[in-house]
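Each chain carries a letter (A, B, C and D) given by its place in the written order, and its residues are counted from 1.
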Amino acid sequence: MKSTLSVSVEFGDTDPAATVFYPNFFRWFDASTWRLFFNAGLTLDVLKDDFGLIGAPIVDARSKFIKPLFFGDSIEIVSLITNWKRKTFDVMHEVRKDGELYAEGRETRCIVAPSRDDPKDFHAVTIPDEIKRRLIESR
Amino acid sequence: MKSTLSVSVEFGDTDPAATVFYPNFFRWFDASTWRLFFNAGLTLDVLKDDFGLIGAPIVDARSKFIKPLFFGDSIEIVSLITNWKRKTFDVMHEVRKDGELYAEGRETRCIVAPSRDDPKDFHAVTIPDEIKRRLIESR
Amino acid sequence: MKSTLSVSVEFGDTDPAATVFYPNFFRWFDASTWRLFFNAGLTLDVLKDDFGLIGAPIVDARSKFIKPLFFGDSIEIVSLITNWKRKTFDVMHEVRKDGELYAEGRETRCIVAPSRDDPKDFHAVTIPDEIKRRLIESR
Amino acid sequence: MKSTLSVSVEFGDTDPAATVFYPNFFRWFDASTWRLFFNAGLTLDVLKDDFGLIGAPIVDARSKFIKPLFFGDSIEIVSLITNWKRKTFDVMHEVRKDGELYAEGRETRCIVAPSRDDPKDFHAVTIPDEIKRRLIESR
């Protein structure tokens, strides 16, 4: 239930201060969380076809920014699901360069199913055991 | 020391679930914080030329996501500086549609000056009184 | 069939050269094309419910970049549909600041309907007269 | 003078149609062009310190979009400098998945040096032979 995503900091990820524009960290956190799901065989299609679910939307996101990153830096996003509740779970993210910690994030997410009447409407469900099991066992 | 940024949720801001891809909220928070600075006459040029400062990088960012937003939604980011410490300050952000709260964020930022030897090096300074005064008095 | 989208160039739109990171121009072109559709009453929901269509994906996009734009600039994206073919149409975009031209783009798009067997499959259709009529008459 | 950039299409790169939001292709083109520069030892620091140059801003960009890409796709951006003029050069980009062509782009760029009086002012220079040589010989 841990994954590592390698990322190159690109020119377009940085801002006039030459450091990473901070919303990109959350973009990488999201990508890394999906990597956990993919490693567990849980693609959007599988979520939909096998479980009748839409996705795992964000409930709360946070990051502490410790050191600046620059264009050309090679980093790793190390992600781990840490906290299972009935309807939510937490994903911890560490951003590391050469082993050192540059940022530390946490996402809280839920799992949602479509509601009946309105295609734009969905609701959080009790996290299915099978999804939890797959995410815990995958590596 | 409060500002309101009007934003239209665009097609490209949303994801396959048709809702806003969450890092965009932080993009809007950043824009809204800069609006506070601009309203106080504190552009990047003024920070540099009048104060010898580089910018106001992020130290910590957080958001709670309450209701989903969709392409075509007209929203407001209402932002307010709330918590002055010696070297950091907090900016609270509310994302509202038709008056209702859709997300609630908080950024902690510092103010940095360049360090001598390395152009990539900078350090947080005690927030200058004049900058604090301008941000408090502006509206 | 012409629309004007006002945009503020934000800190996060710019790169270490302090000028706009160029893919953002295409982001604005896309937003401005959707504005043309919205002004004509053609939201994603209307396209789907009234016409059985999915959207108007890009076929070809181009931009010439004439002058650099910086954080804090207020610009306008002036967009116009210029060239109707059976299955495609062109949208011309001018990026102006204080009336002056900063960039000039052109998108070629088609209109697509879902194909039967595969939800990921869709095909370009002959552009319905009613859609063309609405886009031409709206302003 | 050819480089290949591997990219995973992430959730956040796609839009409500589930396909890649097209400005991201240009983001990848930009990253791939910089890869060519890095492979030739031409980082932003080298450009500045050894050549007195600021960067290689875009003059014109274009892409043809052939087939849609989806979340989870693994693609390659194959890039090649093709057309040297006195002050500009072209970079051709092919986006391939499993060998097949999904998009085809072309960027025209120049090389710029700072102008004297205004830090926001810069001008295109005759491309230095040494830069050209390095880009041609690198692989």
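We adopt the following convention: a residue touches a chain if its C-beta (ideal position, glycine included) is under 8 Å from a C-beta of that chain, and two chains touch if they have at least 3 such contacts.
Owing to the predicted nature of the structure, the values given are computational and were not obtained by experimental measurement.
Visitor: Since chain C and chain D are copies that touch, just let me know if over half of their interface numbering is common to both, same, or not, different.
Guide: Same-residue interface.
Visitor: Please compute the angle of the rotation superposing chain B on chain C (C-alpha atoms), rounded to a multiple of 5 degrees.
Guide: 180
Visitor: Between chain A and chain D, what is the separation of their C-alpha centroids in Å?
Guide: It comes to 28 Å between the two C-alpha centres.
Visitor: How big is the gap, in whole Å, between where the Cα atoms of chain A centre and where those of chain B centre?
Guide: Centres of chain A and chain B (C-alpha means) sit 23 Å apart.
Visitor: Indicate the residues of chain D shared as contacts by at least two other chains.
Guide: In chain D, the residues touching two or more other chains are 11-12, 16, 18, 21, 23, 27, 30, 44, 71.
Visitor: Building nodes from the protein chains and edges from chain pairs that touch, which of line, ring, star, complete or other describes the result?
Guide: complete
Visitor: Can you check the complex and tell me which residues of chain C touch chain D?
Guide: Going through chain C, the ones touching chain D are 16-19, 21-24, 26-27, 30, 44, 54-55, 57-65, 68, 70, 120, 122.
Visitor: Going by the contact rule set out above, which residues of chain A touch chain D in the complex?
Guide: Answer in residue numbers: 8, 10-12, 27, 30-31, 34, 38, 43-44, 71-72.
Visitor: Quick check: in the complex, which residue numbers of chain A touch chain C?
Guide: Residues 11-12, 14-16, 18, 21, 23, 71.
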